[in-house]
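Please find the structures below.
Same chain, two partners: chain A is paired with chain B first, then with chain C.
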Partner chain A sequence: MTVKIKSFPGTSLSEEDFEQGKILYNYDELNGKFAWDNGIAIGRYLASLKEGVILGARCTTCRKIVVPPRIVCEWCFRPMHEYVPLQDTGTVNTFSLCYVTWDMRRVKDPEIPAVIEIDGASPLHGIMHLLGEVDPQKVHIGMRVNAVWRAAEDRSGAITDILYFKPLEEV
Partner chain B sequence: MSLLERGPNAPQAWFGELPVSNRYTYGLAGERFFRTIKEEGRITGTYCQKCDHTYVPAVQFCEKCLGELSDWVDVDAVGELHTFTLLYEAYGGARLDKPEIVAFVVFGDGGLIHRLREVDPDDIYFGMPVEAVFKPKEQRVGSILDIAYFRLVG
Partner chain C sequence: MTMRKVAVVGAGMTRFVRRALETPKELSWQASRMALESCELTLDDIEAVCMGTAPDSFDGIHMNGEYLADGAGAWRKPYMRSYVGGGTGVFVPIQGWYHIASGMFDVVLVVAEEKMSSYYPHAQAAFLTIFDHTTERALKPNLLWIFALEMNRYMTTYGISKADIARVSVQHKHNAAHHPCALLGDADITVEDVLNSEVLAWPVQRYDVSPVSDGAVAVVLAAEHVAKRLTDKPVWIEGVGWNLDTAYWTNRDLVYPRYVEYAARMAYEMAGIREPKKEIHIAEPYDPFDYKALHHLEGLQLAERGQAPQLYIDGTAALDGNMPVCPSGGLLGVGNPIAAAGLMKIAELYWQLRGEAGDRQVPGQPRRGIAQAWGDLMQVGTVVIMGR
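This part shows the complex of A and B:
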């Protein structure tokens, strides 16, 4: 509530009103199933994650290596020249301490989403992932991290095949 | 391997699901309307004296003068069949041998859309008097389907 608004108009309902049958309602479940075409480059990116490799793509015209890979260079609009395997280490470019989960639960130990510049890619080129095994208060921009992979037999060709990134050295 | 070829082991697509659940509450008037159906097996409406209009199902505010309505009335037990359609296709798209009849039944100045049963499609006529057949009270949950179907009076 704000200074001006002390209460909202209307009849508010609580969870108990539903559970104790004080209110009639219709419950329904929808399930939106979807298939998102990976395209050529992201398909290869996911396939190589399953092999434990982060894949990038090189444009020799622009002398750039981007990650995740794509088939067209965003700077010169020419086709990329080749896919290149990158290292699974990198540098924290930016991060956030997140005390609310995706489904809006409050948590004591924050999730730490971060953009990580991957070693082998051009500077400032990276992917977004989570940080783990680290004191949230000690995370800093420029921190060196490496990927913690899911066990090879459990990998499914998804970005979650990397569990999180953890600091390379003690912080 | 060409840069523009899909990888032999590359997944074609990312599959996902967006589960969405919802609770639809009926509102102040709808709550009372469905609770009366559930607990008393009666269909109710609200009457606007200013506009001389009986709303069925009951509504909280008059759609003509926007005044709040507090005059709750019982509708006649017998409604009038206003229009109907024969459905030869089930919800999932399967073909039905015996059609489901869906009818608009007039009560007051409004009415309900519901199933019509216990009648031969050839015998239906506009203006036919029909009545609601309620489910047994213990099966009623406060939904329009607490009325099992409508049937010809008599």
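This part shows the complex of A and C:
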């Protein structure tokens, strides 16, 4: 590659080398367990989700309304005290039709992750979530959607209290 | 502030493979040894070592920098591992650069290593932990999601076709066919092959993506007075830049990488470059996915917004074009051992600007090149400009 180098190190192994025991290897499973504190702003966000409300926060300096809420405006570096309940409707900013799971298993019916701009937040401010109750081929950028909530008694104060977003009108 | 001139004076790399027999330390040593041999130095000449490697979760080794230290020749020397996600490979030479530019050291070894295959069965699952644990991870996100979401936003906003994006993958894999370390070089692949490959996360298909890989790269940096004694052909680091955007990636428009623009402007100003399109002869933008190369060319100010595909359509980006893009073959062709892949771009510019790139040599004695990497949660840009 360089013209001056004649051979390059690095020995390629194949899956068969493992399966047929041609090489020795050490297999182990690391099982870490964590409990994450939600903090002040995300704590409020999750408590609101339990009540069926998507919560944002407003910066009194730059007047941006962000979601999820946070205690400091990352642009002004001023505290954000003001929490704002947003709509549970929004617009699809972008989406994907995903045929592999997080651990690379193949699925026949695609998951539809999307960035959804939430109504009431500043333009282009959204959250990542899933779309449902929609023909994957009909999803498009700019599609209007609303949240489908878990039944109130089943909500736990988690992002999954919203099951998914579905189209506002029949598509 | 006066900064000393810094040159790249040596480089080495291992082959990039899907699964290497060698351990991360062994890969690091091979690349380091080659870099030292290429400029006829020994470890005694090295005053400090900079190490780049991406998330510990791939290796399952906490404090991976310390684990790798002996492979990089770092014991009893000033040593630090830097980490900015996928941007690490182009950041770690910047770390080496300021070690020398500041006057602190004269000769520094820069090593980048990645072994992604240890995470079993597939490194993909390790990426789950980059998402916010409370607001995103519960949705079981896949790393492909964020690329698919960004690619869709990019192509839909500008009306770019999948076929035009596929040209990037085709050309980089063609270039990689001439790279002796490449994992996915392919002189015969066509746009149709890319468009017919398995749909992973539409619009992302199998051949739009770079492969999970193992490998290591090392370069030697030297201050001007040392570099001029070591070689007749030092390749100078003329500009560096790095920048970070918000981690709230759903609160900004994914269509344009502003952080890459800021990093590039910082580097251009340092290098005294006013018209990048004319003054950059070789571009090595970060290309883990084919659309990312386009995205980054725009961020680097080497194409107007939404116009980067034109460089591939009109031949500007070809190996014999006016501004060859990824003559190495990039991550799509050579492979993507994360930190090592970024430093591979620095090594490629070093070989290209010295006229030592063999079958991949860009004609016309190129004088200046730019390398860029990108990473973290779609938010980091790192840029190095090199010239002779």
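In this section, the second predicted complex is superposed on the first by the 140 of 171 C-alpha atoms of A that agree within 3 Å, B and C clash if a C-alpha of one lies under 4 Å from a C-alpha of the other, contacts with A are read in each partner's own complex, and residues count from 1 in each chain.
Keep in mind that, in the parts below, a contact is a pair of C-beta atoms (placed from the backbone, for glycine too) under 8 Å apart; a residue touches a chain by one contact, two chains touch by 3 or more.
The structure presented is a predicted model; accordingly, all values stated were derived computationally and were not measured.
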A:36 in the overlay: touching chain B, chain C, both, or neither? Say first, second, both or neither. both
Examine A:95 and indicate which partner it touches, taking first as chain B and second as chain C; both and neither are also allowed. second
First (chain B), second (chain C), both or neither: which does A:114 touch? second
After the superposition on A, what does A:46 contact: first (chain B), second (chain C), both or neither? both
Looking at A:27, would you say it contacts chain B, chain C, both, or neither? Reply first, second, both or neither. both
Once the structures are superposed on A, label A:13 by its partner contacts, choosing first (chain B), second (chain C), both or neither. both
Is A:83 in contact with chain B, with chain C, with both, or with neither (first, second, both, neither)? first
Given the superposition on chain A, which partner contacts more residues in chain A: chain B or chain C? C
Touching both chain B and chain C, residues of chain A: 11, 13, 23, 27-28, 30, 34, 36, 38, 46, 158
Would you mind writing out the residues of chain A in touch with chain C in their complex? 1-5, 8-15, 23, 27-28, 30, 34, 36, 38, 42, 45-46, 66-68, 70, 74, 93-104, 110, 113-115, 124-130, 141, 158-160
Seen from chain A, its contact residues with chain B in the complex are 11, 13, 18, 23-38, 40, 43-44, 46-47, 50, 57, 71, 79-83, 157-158
Of chain C, residues touching chain A in the complex: 11-22, 27, 30, 34, 38, 60, 120-122, 124-125, 128, 133-136, 138-142, 144-145, 148-150, 152-153, 156, 179-181, 198-204, 214-215, 246, 248, 250-254, 351, 354, 356-358, 360
Contact footprint of chain A on chain B as seen in their complex: 3-7, 9-26, 28, 31, 34-35, 38, 141-143
